[in-house]
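For clarity, chains are labelled A, B, C and D in written order, and residue numbers in each chain start from 1.
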Amino acid sequence: MSPFPVPEYWHEHRVSYGETDTMGVLYYAEYLHIFERSRNGWVRAFGTPYKAIEERGLFLPVREAGCRYRHSARYDDLVQVRTGVNQWRRASLTFLYEVYDESRGRLLAEGFTQHACVDGTGRPLAWPSWFLEIFRPACSGESA
Amino acid sequence: MSPFPVPEYWHEHRVSYGETDTMGVLYYAEYLHIFERSRNGWVRAFGTPYKAIEERGLFLPVREAGCRYRHSARYDDLVQVRTGVNQWRRASLTFLYEVYDESRGRLLAEGFTQHACVDGTGRPLAWPSWFLEIFRPACSGESA
Amino acid sequence: MSPFPVPEYWHEHRVSYGETDTMGVLYYAEYLHIFERSRNGWVRAFGTPYKAIEERGLFLPVREAGCRYRHSARYDDLVQVRTGVNQWRRASLTFLYEVYDESRGRLLAEGFTQHACVDGTGRPLAWPSWFLEIFRPACSGESA
Amino acid sequence: MSPFPVPEYWHEHRVSYGETDTMGVLYYAEYLHIFERSRNGWVRAFGTPYKAIEERGLFLPVREAGCRYRHSARYDDLVQVRTGVNQWRRASLTFLYEVYDESRGRLLAEGFTQHACVDGTGRPLAWPSWFLEIFRPACSGESA
């Protein structure tokens, strides 16, 4: 198994009542919301807020997503989400996520999202130079 | 108590696992999603799809919403939602909702949403004549 | 208008993409999720985590909720939610919420939730003495 | 590519405003809610409601989920979801989903969920005989 890609960003999330289900656990679709919050944090921390990216006409819609659920999270649990980017391709990139319990000692779930790089009409783009410049430190960090 | 406004529209909704919470019941915020589905049904049945309204430049954002929760709904319950309009004002309208169990014999919750009439920039509008024309039968039905 | 009840708790919330809708704003049902997060914070700050309350056999289901929407919140906005308790009754209590923009200078929405005090079977209870003891400082602060 | 497993179940879903996001499309996490609705339909149609399965002490939590997003769905779109089971293993089963537009002519998304078979404490079980009996017609249909 390969090491988690650097730079990594940790996002903390408190499980709310509304995110749980009748089994008393964090509902499986909610992990994708938490992934979104986590990658927003990564993008903000290592480049610029995603909102600013969209304002410049670049969009990163999700093309594929997946998650393995190993252990449940329950109401009021404070989960810790580790986020990184493991693939920069010509017109897409892939985020990885690991969801841990509060102590970061137990892996609860792990997942990924693959994003296309498109313009406002949905047409695929190569990464613009301004984008690469902003995220170059993070990209080059990958092999650190 | 005044009678439920006519015309009324009934929307049927099956409670999913993802809509329930740790208490095993339909989470309170989910009622507002179900209200939306119900009023979409009313608008479609007695006028034109809400999407077509927006395409003509008219928007009906929610200005106020409320709900009283009397009895719980649980996973897999088939709830029946009665919807009507009880106030048409110069630049707003109000929907009423009653959520019943499958037999329509037991009232589980009741609520309302008040909507402004605005243009694409959020500026308040009086109802356009094309809108009144489309919904006139429903409006006049009010006093039936 | 009466002053906001003390003690007050401020909850900060970053609007995610998944909470917004086609109009580009925070969807109206999402406020109720944010209210839940805020009152969880209040309960934790001025007493004990709500989870611990349930573990002692006391539940506080929502009996009524309402919200007035004054101005929109958009993706990536950092909203500030002020929370307090304005009514302690024999078997219920009411939380108030005010949602502000990041600077706390602009009121975006205000709402309330009324909660019953019930046991695990849903039967109404008067507040147990252990509960009152825990929250007495917060209760008595009400008249400060 | 292998043919879609039989028996198949079609679930129809109207995209609500609350399910869309700022890009104007069905948010990616919402597909997992729709998958749940679809597999509930399959389970009900070809065996017994999932609720009845839980009442007999058997639970089917999601162990893994994935989705490929090909084309967007928008507010008010009526999407058609095809659902089937493609793997029955000793202690798990896998559902497949295909989301189509209203005409069933355009594939919007495809996904899967893998479910464990556990008891009320989360301990893995082999499929109970009563369960196999109920779903045998659907299982054997697989090779049809």
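Observations
Note that in this section a contact is a pair of C-beta atoms (placed from the backbone, for glycine too) under 8 Å apart; a residue touches a chain by one contact, two chains touch by 3 or more.
As the structure is a computational prediction, the values presented were derived from the model and not from experiment.
Between A-C and A-D, more contacting C-beta pairs join the chains of A-D. Using the mean of the Cα atoms as each chain's centre, the chain most removed from subunit A is B. For the pair subunit A and subunit D, the distance between C-alpha centroids works out to 25 Å.
The geometric centre of subunit C is 35 Å away from that of subunit D, both derived from CA atoms.
One finds 29 Å separating the Cα centroids of subunit A and subunit C. Touching of two or more other chains is recorded for residues 17-18, 23, 28-29, 32-33, 36, 75 of subunit D. A complete topology is adopted by the chain contact network, contact being made between every pair of chains. For subunit B in complex with subunit A, the touching residues are 17-18, 20-24, 27, 29, 74-75.
On the side of subunit D, the complex with subunit A involves touching residues 23, 25, 28-30, 32-33, 36, 59, 61-69, 72, 113, 122. Every residue of subunit C that touches subunit A in the complex is listed here, in rising order: 14, 16-18, 32-33, 36-37, 40, 49-51, 75-76.
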